[in-house]
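Notes for the one structure printed next.
Note that the chains are named A, B, C, D and E in the order they appear, and that numbering of residues resets to 1 at the start of each chain.
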Amino acid sequence: MDGFGWDIILQSLPKLLEGLWVTAQLVLVSGLFGLLLALPLGIARSSPRPWVRALPFGYIFFFRGTPLLVQLFLIYYGLAQFEAIRQGPLWYLLREPYVCALLTFSLHTAAYIAEILRGALQAVPPGEVEAARAIGMGRWLTLRRVLLPRAAQIGLPAYGNEVILMVKGSALASTITLLDLTGMARTLIAGNYRAVEMFLAAGVLYLIFNWVLQRLFRLAERAMNRHLREPPRLVQQPVPRVPSGLDPPL
Amino acid sequence: MPDFQGFENQLLAGTWMTLRLAFATLPLGIALGLMGAAARLSRLKVLRGLGTAYVEVFRGLPELLVVLTIYFGASVVLMGLAKRLFDYDGYIELSPFIAGTLALALTFGAYATEVFRGAFQAIPKGQAEAALALGMSRGQVFRRVTLPQTWRLALPGLGNLFLIMMKDTALVSVIGLEELMRKTQFAVGQTKEPFTFYLSAALIYLTLTVVAMALLHLMERRANRGLLPRRAG
Amino acid sequence: DPLRIGTEGAYPPFNEVNENGELIGFDIDIAKALCAEMAVECTFVKQDWDGIIPGLLAKKYDAIIASMSITEEREKTVDFTERYYTNKLQFIGPKGADLTITAEGMAGKTIGAQRATVSAKWAEENMPGVDIKLYDTQENAYLDLEAGRLDAIIADQLVNYEWLNSEAGADFEFKGEPVFENDLIGIAVREGEDELRENLNAAIKAIVEDGTYAEINQRYFPFSIY
Amino acid sequence: MTGRDANGGAPMLSARDIRKRFGEVEVLKGVSVDAHPGDVITILGASGSGKSTFLRCLNFLETPTGGSVMLHGEPIVTRPDGEGNHQPRDRRQLRRLRARVGFVFQQFNLWPHMTVLGNVAEGPRQVLKTSRAEAEARALALLEKVGLAERANFYPAHLSGGQQQRAAIARTLAMDPELILFDEPTSALDPELVGEVLEVIRGLAREGRTMLIVTHEMGFAREVATRTMFLHEGLVEEDGDPEALFTQPESERLRQFLRRHLS
Amino acid sequence: MTGRDANGGAPMLSARDIRKRFGEVEVLKGVSVDAHPGDVITILGASGSGKSTFLRCLNFLETPTGGSVMLHGEPIVTRPDGEGNHQPRDRRQLRRLRARVGFVFQQFNLWPHMTVLGNVAEGPRQVLKTSRAEAEARALALLEKVGLAERANFYPAHLSGGQQQRAAIARTLAMDPELILFDEPTSALDPELVGEVLEVIRGLAREGRTMLIVTHEMGFAREVATRTMFLHEGLVEEDGDPEALFTQPESERLRQFLRRHLS
């Protein structure tokens, strides 16, 4: 090929940014749903009772053990094979590739987040839980006041990683007709045949997006650890403040 | 047993390719990871910068893009170089297998860099000090004290990465490597039964995962020999 | 050196992969006939469709025989031989569905096409404002038509013909007249490789003349597609 | 039993024949105790003799494998689970017990994501449903009492060991427990910090608080106690008036133990 | 200085005016010591007074910011790095120094991936290039001496603290060092394990080994030493005959220190 096509990159930039916006939506929305789904899964997964653990274990095993691409195809092309689903009430949602991608990504990331949450819950020193039990807190109260806030803090860095991994996984959305950043790049290549330039440009956009996300997570972490850096101040008059922060992972 | 309509051999061949890819990537990725960790812990600022850049770029880029860029980019670049340097005009092939392995290894290596770095740093400083205090050289300390323990500490992290990478081999199907996922797509194309075949692929991946996890467990047990507290009695 | 031929493998009946992992189809048969005619050894390289021209340019193979339409745009990047068959683009849709094949008539509908094909380009140019979904393979587009996610597919008439005749396509039919009549299918080679191109041209001419072409044609279609 | 038992009235907390087995090993082989209002009972014993386990069984942080616990004559209802443990049956009754019996851990176990004030006010707010303002006011008063008012807004990570242990005691006191169980409240501390904590406990004893204290500080155990128990291999080996016990131990084991610990 | 200095002959190890600054804080403000063959010097001092730092500076595990170290009159050549530390210039000279001066760490620092025998034989094999058979035979003899021969094939994780510390001592002895530096060799141990380790060190003293020992065990410090130093805030506050130092401390600070530690 003759020379590097800076002009082509420039021309394609608006389209690529459009794709980036789709990628961002997919990641942020599925990140949120995944988190919501992961909460009960992770809590059940760390239960001492085997029969409570079994279901989330199976779920996590399946979604972590198979490629995201397979999951995406199973849900997008696979479900559509069943007459019952095509006639069913949810079809108007499931027929949309956007919804299928969101659904798959949410289910997928939920499995990973649930595992992170389990690890974080188990990393909370048992003494802190016993202290809550010893003053008469019940199961839910302990979970709400001690376990979850501590686990959130402990698991935050790993959760940040998972979101980044999801940004990358979302590139597969292009295989079910969505024009996310990768899909857009591939479509553009179909017109201009400049594979190297387009992939490079898309790559840089991914890097920037990931970098911004990582920054945000670092800020969140700093906010959570604020109390460990700020020099504590002695109380001048008895005006108590609310506890505002969490502690670092151990 | 579902009806594979004659495609069972194809699925097996795909599984075999998946395994070949995974095991070709592994040593390369581990080597890259060790070099990356050495660079990031180096006393030279340049090396540290390089190591950090490597990790950030290859952890930040989607694997799919890495695969495609290497596949399409490498040949162009290599041929351009060959022409300029040696006036060689022939075709330089980067086979899909090599391109795929390279792409997977580069990504694996970036993550492994962090795993190894963590492992190096997790070894109590006192152990190196004890070796220095006996008069060992830095090289001896690394070879005799640090490295043997890195392996043990890095194993769980590397195992996770391996499981992830094994699934990522599905991505190299875009460059025409006929691993399990690609074969599945062929079968779906001919039989028009996506559910049967994608689900079968999922089960094959799960089986591979279980086997890998079992092997990993054995390896961890071996690596921790002597380090676990004794069983009572 | 053997001649390396790039093809896709997901475009029945022209090129596809059977349960033994072998490439089969019209394109493949033609390619083999051409190689026999030129008395060269041939190997096939399978390649995803949207990377098929970059693959040629990166010298991963020397010629593309993959039902590729000769277009002005592609000619800027690669050289084509004479046609080895002629195609038309035609819509298909569910039996009984009332489709008017104009931009207005298709407004609010969803149509599918394979990414990086003449069909995709035609749809984008002639169906402004219509939702066009692009697929990696033609197969996936058909799956989505079956699933009901698509109202229509625009694709090569001959490919559609074969699919409509299959079990999966039983509930679907052609919609309207062919929208593009003169879709010439050629073999792509890198620019400047004139010798190869001329050899291929001569071989195409030869197999058409000696009846080999007609025989292959007969295996796939009951009418001539040259 | 000892003279204290004779001081009439039902005991506040009464544990009968507590047993605890971990797998093969029976760690407690039937230990009983009665705590009357105002009692300060110190528990001695070698490492591994079951002191912590006993204390933890009293408020079911450990589920005993036998025996019963009564609070003001009301037995805590239990039912055996599959593994032979006696799980408390009524969660609400258990929570009530725990709200009335305080526990101070050897390792403090403060919640690191809350300030000291938050730690102390948490129990009253969440368990006793006291209003926030009231809970915090009381918490401040308690912190004042243990000498930590100044540090109310510190997070545990910024406190010294002795300060953390005092905060943990304040957290327990905030529930206004009838009985406080102390599990080696000073053994995680520097010698220099031990003093501060013992001083706080001495203060509580002077106020007439009822306490059970596991400790290795012999001098303190003798000085503060109204009664002392010596545990040996899961059984009460000797039990009685601290003066008598320390000066004229009856059992050979206690004599040995005291020799080793007083030297 | 003390009487010992007068016993003629050049000191085996001589450190002059060692200084160490960590950022803002000067931890050592000029500490000197001369160790002659057969000396057993115990070093006392409050926590944070710089005892460990001093010992670590002697074999450059910490690079001093000032002063000099000589082995048999041969100075270790240093050159200042950017941060004001005196880095040893000649790595081979440094390795020679380290091979001749042993160091026993408070935290043992055994290598967990080698057996006890492997730990002890490692130094001779790697540094002295002794053959494996010979190194292991000698290692076994040393393990015998510290009472660990039976456990030669155990991994460190399977030993008690006292056994680990004895293995660490054997590892140091395997290099046949002229001088051994002990940094609180018992403070990471249970009271019950302290005895075994002190007994081993006592044995070494009886053999006439030269040693510098930082310790908090006052009785031991007094009994075993031929000389005692008291560090305070980075300076030698008092230095001399152990009997005199313990019974008639001159400085007010040492008196205070002894009062606190002997009670």
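Quick notes
One rule holds for everything that comes next: a contact is a pair of C-beta atoms (placed from the backbone, for glycine too) under 8 Å apart; a residue touches a chain by one contact, two chains touch by 3 or more.
Note that the structure is a prediction, hence the values are computed from the model and not measured.
Shared contact partners of subunit B and subunit D, listed by label, are A.
Distance between Cα centroids is largest for the pairing of subunit A with E.
Measuring from the averaged C-alpha position of subunit C to that of subunit D gives a distance of 83 Å.
Per-chain Cα centroids separate subunit A from subunit C by 40 Å. Chain centres here are Cα means. That of subunit B falls 37 Å from that of subunit C. Chain centres here are Cα means. That of subunit A falls 53 Å from that of subunit E.
Chain contacts: subunit C has residues 51, 54, 57, 143, 146 touching two or more partner chains.
Among the residues of subunit B, those in touch with two or more other chains are 68, 72, 76, 188, 194. Touching of two or more other chains is recorded for no residue of subunit E. Chains touching one another, given as pairs, are A-B, A-C, A-D, B-C, B-E. For subunit A in complex with subunit C, the touching residues are 1, 77, 80-81, 86, 91, 95, 97, 174-175, 177, 179, 183, 186-187, 189-191, 193, 195. Residues 59, 61, 91, 95-100, 102-103, 105, 107, 109-113, 115, 122-123, 126-127, 155, 157-158, 168, 171-172, 175 of subunit E touch subunit B in their complex. Residue ranges on subunit A touching subunit B, taken from their complex, read 1, 61-62, 64-71, 73-74, 77-82, 164, 167-172, 182, 185, 195-196, 199-200, 202-203, 206-207, 210-211. Contacts from subunit B toward subunit A in the complex involve residues 56-57, 59-65, 68-69, 72-73, 76, 163, 167-168, 170-171, 181, 184, 188, 193-195, 198-199, 201-202, 205-206, 209-210. Within the complex formed with subunit D, the subunit A residues making contact are 125, 127-128, 130-138, 141, 145-146, 149-150, 153, 227-228, 232-235, 238, 240-243, 245-247.
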